[in-house]
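Following this line, the structures themselves.
Two complexes are shown next, each including chain A; its partner changes from chain B in the first to chain C in the second.
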Partner chain A sequence: MPALQLRGVTAGYGRITGIEKVDLTVAEGETVALLGANGAGKSTFLRAVSGMIRPWSGRVVLYGEDVTGQRSDRLVRAGMAHVPEGRRILATLTVEENLRLGAFTRRRAGTVDEDLESVLTRFERLRDRRAQKAGTLSGGEQQMLAIGRALMSRPRILLLDEPSLGLSPLLIGEVFDLIKSLAAEGLTILLVEQNARQALGVADRGYLLTTGSVTLSGAAADLLADPGIIESYLGGRGARS
Partner chain B sequence: MDAYTEAVVIKVGIAILLALGYWVTVATGKYSFGHAAFMSIGAYTASILTLKFDLPLELAMLVGGLAGAVIGAFIGWIALRLSMLYLAIITFAFAEIVRILLDGWDYVGGATGLFGMTGTTVELVAVCIAVVVVYLFFLSRSRKGLSYEAIREDEQAARACGLGVTRISVEAFAVSAAITGVAGALSAHETLIITPNLFGAPQSLLIILFVVLGGVQYFWGAIVGAVVLTMLPIWFDFLEDYYQITYGLMFVLLMILRPQGIVGRGTDRRINLGSLRELATSRRGGGGDE
Partner chain C sequence: MLIQQLVNGVLLGTTFALIALSFNLVVGALDRLNFALGETAMVSAICAALLVSQADVPFVVAFVLSLLIGAVVAALTYLLSFRFVSPKYHTAPILSSLGVGLVITSLVTRTFGSDQRRVPTVLEDVRFELGPLVVTGDQLIILVVAALLTGLLYVFLNRTTWGTAIRGVSDDADTSGLLGVPVQRVILLTFVLSGALAGASGLLTGLSFHTVSPFTGFETTLTALMVVVLGGLGNITGGVIAALLIGVVETLTVAYVSATFRDLLVFILVAVTLVVRPQGLFTRQSGVAARV
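== the complex of A and B ==
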């Protein structure tokens, strides 16, 4: 049973179609990258998957359960955590409050404290700042916080929306190292990125989204090995890392 | 305590109750523009019960609050899934509908209203405030309080955390309407007479001003706003005809100098700008992003 499966999903805003008839599968334990240039429909895709907007047609199946159009809180309960684009941390709340909110759907306080501890162990820099307002963190720390918050819900699958956006090359490297280690721990990951080379570097498979449709898919290594693909579709963006 | 002082204290107390009630919904970032309707629902429900069914005020007041909660949950359920602009329109229209319906309802005296309610005491108002303050004190420190703050701060982010944003907001709205209903009941049994026009747009605006003036960040900001706004007309009584203009100017000045309200951190100017931006750009579900 695949972790996540999209069958012919069409979605958009108002009259504008964002993605059309997208088919995509993420197997358990796999890291999949969805690539595409600005405006290719990546954000619409993630919003449709994560319940922020309702798809116009098609099906979203999560661990065998049809979750098409389900609200995000249901999806989080069903095991899918979403790190939204631009991180969306709650700036006026403290780091710890942000993390605790990630575990909001879980009730058992003891296990939440355990997970808080493990997230703080993973992100030592957050431990020093746990009582600080999240808005005072640097961009990289905020990204760590956003990912840590998602991990607090004990997800089976993690959705990452442009985690490298607005970060310095050094921090981008750090974020991808983190994704790699999460994948190595067995977490299923769907990564939506513009930074094609980096994303394919950590992914098992990749899908290429062009003007709302999947135009290419395959093993990450194959996609990476063909620089012509990346350059023709993405204009070489994110190359030479 | 002489009768005059007592009347002022009750008036201030009811204002505090109204402000605290309104704060509960504002805590989730949802502004109602027709909260006077819940006041009138509480006032009329309780007045009918005390006048026509001889119920004690304490009980009638609770039923009034319950009526507010039920109708508040219904209105919230309709309006809170939409953007802030829709919420503003729906709550405003709802208050007008309630006013017009009461105006044409002979059982409650139509436009001339109901007369003869008494029984609101300083003690009763104080107990109500105490109950609400204790509730808000624990709310502010609870998981639920944290979820309110998250929703106020960024609805999409709250959703991404797995919070049932609509359900939580509707619940807050219903609690807010309940407290407002109780305040309405107490106010009816203080003023002796109620008419539908007492609960029009100016009253709704006054409730909003209590909270905006005091500051939305902490619930005690609402208390400060309510006290100041209720006492001002009394303190500035000597201005007579110039009162309204002084009052207006004072607000303009305050919004320029302290947009976050009397209580609240100075750096949070963002809250006001953010909500305006949201109002202007909101699409579905009050997103306001991108």
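== the complex of A and C ==
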């Protein structure tokens, strides 16, 4: 049973179609990269998957359960966590409150303190700042907080939307190292990125989204090895964003 | 007796602070004003006053009921005027909640008549005299209960999971939803809390004047709006300070100028503030400011 499966999903805003008939599968334990330029429909794709907009047609299946159009909080309960583009940390709340809110669906599980401890162990820089307002964190720290906050729900599958956006090359390296280690721990990851080279470097498979449709998919190594693809679709060295 | 008037003004201000807090909670959760909160306060106060004066229900019981009635009315207002209105229409909830307010007023006058209702003194024998300054037992109740409710709300918002969720939704509802917070339920909870505060404010205001009228609902909404605008929309602390300020200004105007100028002076104060500082005396905390 795949972790996440999209079958012919079409979605958009108003009368503008964002994605059309997208088919995509993420197997349990796999890291999949969804690549595409600005405006290719990556954000619409993620909003349709995570319940922020209702797809016009098609199915979204999460661990065998049809979750098409389900509200975000139900999806979190079903095991999906979403790290939104631009971090979207809750600036007026403290770092610890942001993390604890990530465990909202597990508030009665009695393991929240334990999970908080393990996230703070992973991100030691957040530990020093746990009582600070999250808005005062640097960009890199905010990205760590956004990922740590998603981990607080003990997800089975993690959706990452442009985690490298707006970060320095050094921090981008850190974020991709983190993704690699999360994948090594067995977490299923769907990574949506413009930064094709880096994304394919950590992914098992990749999908290429062009003007709302999947135009290419395959093993990450194959996509990386094809110079034509990198040149024509993914912008030269791939680090451009 | 300036000092006595100042004390009376501050006491009046504490009841304004509760209703302003009530408005600001909803502004935080939804960026909308609930224009039926004044009537929510009124219906709670009328019911409580009837129970105390006609059915000899103890004040404490009536007070708890006023909280519950306020909470239920606010929850209904949410379902009727906010829940199913598309966020595209910014003015629709203003009109629909104003409508709910009108319905509440006419339901109350049809059911209980349009008479003013008496709120009897609770602590008859208690009276504090500090030199020329007199504080009655009822004034003390108003002060203590208002402070207690504000304190409880503060603790709830800052120390509990659901309270944190309310602040999260107030900061960014979409992101809170992605984290697994059931946004609609949190907004409903916010309305319930704001309604309970409005109910308490209604009864305490009734206690301070020893009377409640079924026609003061919209007046309460207006006063609360003045407070909320003066203190900075959505700013909880600003609202409390502005409430005390307006309470003092109103009381001093009645004592030294004329009761007919009471609201006029407050409106002038707010108008001048808006010209000089359009964001109110205090601004809303960062992060949310961009969305207002």
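Please note the rule applied: the second predicted complex is superposed on the first by the 235 of 241 C-alpha atoms of A that agree within 3 Å, B and C clash if a C-alpha of one lies under 4 Å from a C-alpha of the other, contacts with A are read in each partner's own complex, and residues count from 1 in each chain.
Basically, a contact is a pair of C-beta atoms (placed from the backbone, for glycine too) under 8 Å apart; a residue touches a chain by one contact, two chains touch by 3 or more.
Quick caveat: nothing in here was measured; it's all calculated off a predicted structure.
> Taking chain A as the common reference, can chain B and chain C both be placed on it without clashing, or not? Answer clash or fit.
clash
> Which partner chains sit in contact with A:S72 here, chain B, chain C, both or neither? Use first/second/both/neither.
both
> With the two complexes superposed on chain A, say which partner A:G102 touches: chain B (first), chain C (second), both, or neither.
A:G102 sits against chain B and chain C alike.
> Between chain B and chain C, whom does A:I53 touch in the aligned arrangement: first, second, both, or neither?
So A:I53 only meets chain B here.
> Check whether A:P84 is in contact with chain B, with chain C, with both or with neither, and answer first, second, both or neither.
The answer is both, since A:P84 touches chain B and chain C.
> Does chain B (first) or chain C (second) touch A:Y13, or do both, or does neither?
first
> Could you give the residue numbers on chain A that contact chain B in one complex and chain C in the other?
Chain A residues touching both partners: 50-52, 71-73, 76-77, 82, 84, 88-93, 97, 100-102, 104-105, 149-150, 153.
> Per the contact definition, I'd like the list of chain C residues that touch chain A in the complex.
161, 164-165, 167-168, 170-172, 174-183, 285-288
> What part of chain B is in contact with chain A in the complex they form?
143, 146-147, 149-150, 153-154, 156-166, 268, 283-285, 289
> Enumerate the contact residues on chain A facing chain C in the complex.
For this pair, the touching residues of chain A are 50-52, 71-73, 76-77, 82, 84, 88-93, 97, 100-102, 104-105, 107, 135, 149-150, 153.
> For the complex, give me every residue of chain A touching chain B.
Within the complex, chain A touches chain B at residues 13, 50-53, 71-73, 75-77, 81-84, 86, 88-93, 97, 100-102, 104-105, 149-150, 153.
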